[in-house]
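This is the structure I have questions about; it appears just below.
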């Protein structure tokens, strides 16, 4: 009965949505989008004033943002404030999880023992994953990826260690410290921008040549901070979830 | 000129620092709330860019009169409530600091997607705070509904982006004003549902009962005053100032608002637990304020909103305190409770009467204002609905007040069932806090001219005849 | 067409939210809903024949046809926020299980003080 009602409701809502969206004449069919109609063209030209000549990889210098990865330039430059908020959301949920499980001691017992391959293999893979994670967030302005994927990789390495070793416990205080310091530095970086350039989170460093490792101003700095922060937050969430049920 | 981004950056910075120095969490919270409340007074109106990219390409903060009034009241209330219930904070100091940043972000941002981010930040702090009652199933319920709501909001704003190619509120409102309103039906419905969850509009407010009904003297006033106020102001920003509504859609949404008003007040009438009465009254008031915003009566809506949240802060503080110290908040069990707590009783009474809109109190001024506004509309059923809501509200609030002041029929104050079974204790800090709040309500009622002039000074801009006034900052300093 | 597939996923997620009674399944439904939303957002930015919005030594100048980079940036934010709420929701679910010994929402009860 409940399912039939839900189905009926959804069919109704679905039809309404499909028809409504279909009737919106401004809503272009899939793939037929003109970016010049949107704000995005300015992000591709790396110039919101609209007078910049073409950007060429490895040649163009000192643009308003120097990131070769256009998505990164939006995340960390044009819409950096969203990213600060996003980091805050992750911070909050890690905090919430640790408040909920904070009083627990010990570690949750798993029903399965890790086998030999997992125990040995994890020791080999662990440093590789860590290095990959760091690589990803340092090259966030050049290649796909950035602080969030890089941070998740670091946390996944820790999760692997948890799976491979029943007795494995990290010292959560160190991660909390990293989290707090990285977060504070991100906000302070924004405040430095406010004092130097007059705008919160402005890109006050030299943006360099598009495509160089040392380019794009504050983007690599922010991404290193975000990577460390996300890594330690996700590690904190994993650790809190694996805590035992003894209060 | 102080950049309003500091209102967001400072609490956020303090929150990150506070997990490094756990012992000083509460001090950092009080410091942050004090700094914010002080900073609000020094703000200068205008548009502030983030990162230095001009809108619509970058994110901007818009500090107009509307945002300024909101910031003033929200930051002031936040400071007062934190000071009043410091003993209740426990582990939540960091969460509260982030909440302060999120609430200020909600009021300031001029970008729809940035608003989504702040909406999520604020909502997540609310989930965590609501868990302090240890009734986790209600927090879970809230989390699911809240996430669904903000997801639908995101859906709506992406449709707007797909059609108009921008996320900036000012840019969008200009583009939408000339667009065919049939294009806006689906996005505005989705955004309405999304915000409707947070502002407690009828079919989407299933979470309110569990969360408000278990609130203590910190979470109760915080949710019913600070969070509700900020969310309603966001609603007003979006629906009275950014998205133009077509005639049919407007009638539909108005009906939903009016239905929320009547259903909320009727539900309150049938309850005996004080927090339940108040939470349904909150739902009813939300319906009223949403209706006013949708009708374009921004200034009366804001005034009524302030009346509601100032009163609710007092009422929920006392109700939470009652449940805390006596283990019950049933009005029957607490008969005559105010006979021994006269000061708190007076504050509670002032707040209750102001909420109804009795003369002498600020509520009267706001109610007169909104009635004049509503009667000037070309709408024949809305005034009747609002008057009916007021009558119902008056009935149950006065009944409640009488019960709390008068001992039961056979019982006296000294009757053992009241003197021993429900020994109400109210901390001095809380009494002082609610006295301050009720004094504000009283001053607002006795000297309407003062507040009226100050408000309508800014209310000059809050006039429905200039739909895009929001971004016309000529009135600024 | 992928846009409509996204909307379909959104609807499936809402169906799950309406009918499921298991807390974990409710969270899974919420994730399906968010996934559909993310697919939809990405699809809004697709440009036929467009290349990924990264300048490299091959796609080396801004005159090329790129897909819209903004929805991709928004989706990143939406994913991270979804992750945060999922983690918190699972934490609540575990707490509820510890308190009531069940994950079924009907057995927990919806009363104010249950």
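When the chains are written out, they are named A, B and C in that same order, and each has its own residue count from 1.
The rule is short, and it goes like this: a contact is a pair of C-beta atoms (placed from the backbone, for glycine too) under 8 Å apart; a residue touches a chain by one contact, two chains touch by 3 or more.
Keep in mind that what you see is a predicted model, and the values were worked out from it rather than measured.
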item	value
Innermost chain by mean C-alpha position	B
B-C compared against A-B, more contacting pairs	A-B
Centroid distance [mean C-alpha coordinates] between chain C and chain A, Å	15
Length of the line joining the C-alpha centres of chain B and chain C, rounded to whole Å	28
Distance from chain B to chain A - Cα centre to Cα centre, in angstrom	32
Multi-chain contact residues (two or more partners), chain A	17, 21, 33, 38-40, 43, 79, 82, 85-86, 89, 92-93, 96, 100
Of all residues in chain C, the ones touching two or more other chains	14, 44, 70, 77, 81, 84-85, 88, 92, 95
Junction residues of chain B - those touching two or more other chains	113, 117, 120, 124, 127-128, 131, 161-162, 167
Of all residues in chain B, those that touch chain A in their complex	3, 5, 9, 12-13, 15-20, 48-54, 56-59, 91-92, 94-95, 98, 101-102, 105, 113-114, 117-118, 120-121, 124-125, 127-128, 131, 159, 161-168, 179-180, 182-183, 185-186
Complex contact set, residues of chain B against chain C	113, 117, 120, 124, 127-128, 131, 135-137, 139-141, 143-144, 147-148, 151, 154-155, 158, 161-162, 167, 209-210, 213-214, 273, 276
Residue ranges of chain A in contact with chain C within the complex	2-3, 6-7, 9-10, 13-14, 17-18, 21, 30-33, 35, 38-40, 43-46, 54-58, 68-71, 73-75, 79, 82-83, 85-86, 89-90, 92-94, 96-97, 100-101, 143-144, 148, 210-211, 237, 240-241, 245
Contact footprint of chain B on chain C as seen in their complex	10, 14, 17, 23, 26-27, 30, 33-34, 37, 40-41, 44, 70-71, 74, 77-78, 81-82, 84-85, 88-89, 92-93, 95-96, 99-100, 105, 108-110, 112-114
Chain A-facing residues of chain C, complex	1-4, 7-8, 11, 14-15, 18-19, 43-48, 52-57, 59-63, 66, 68-70, 72-73, 76-77, 80-81, 83-85, 87-88, 90-92, 94-95, 98
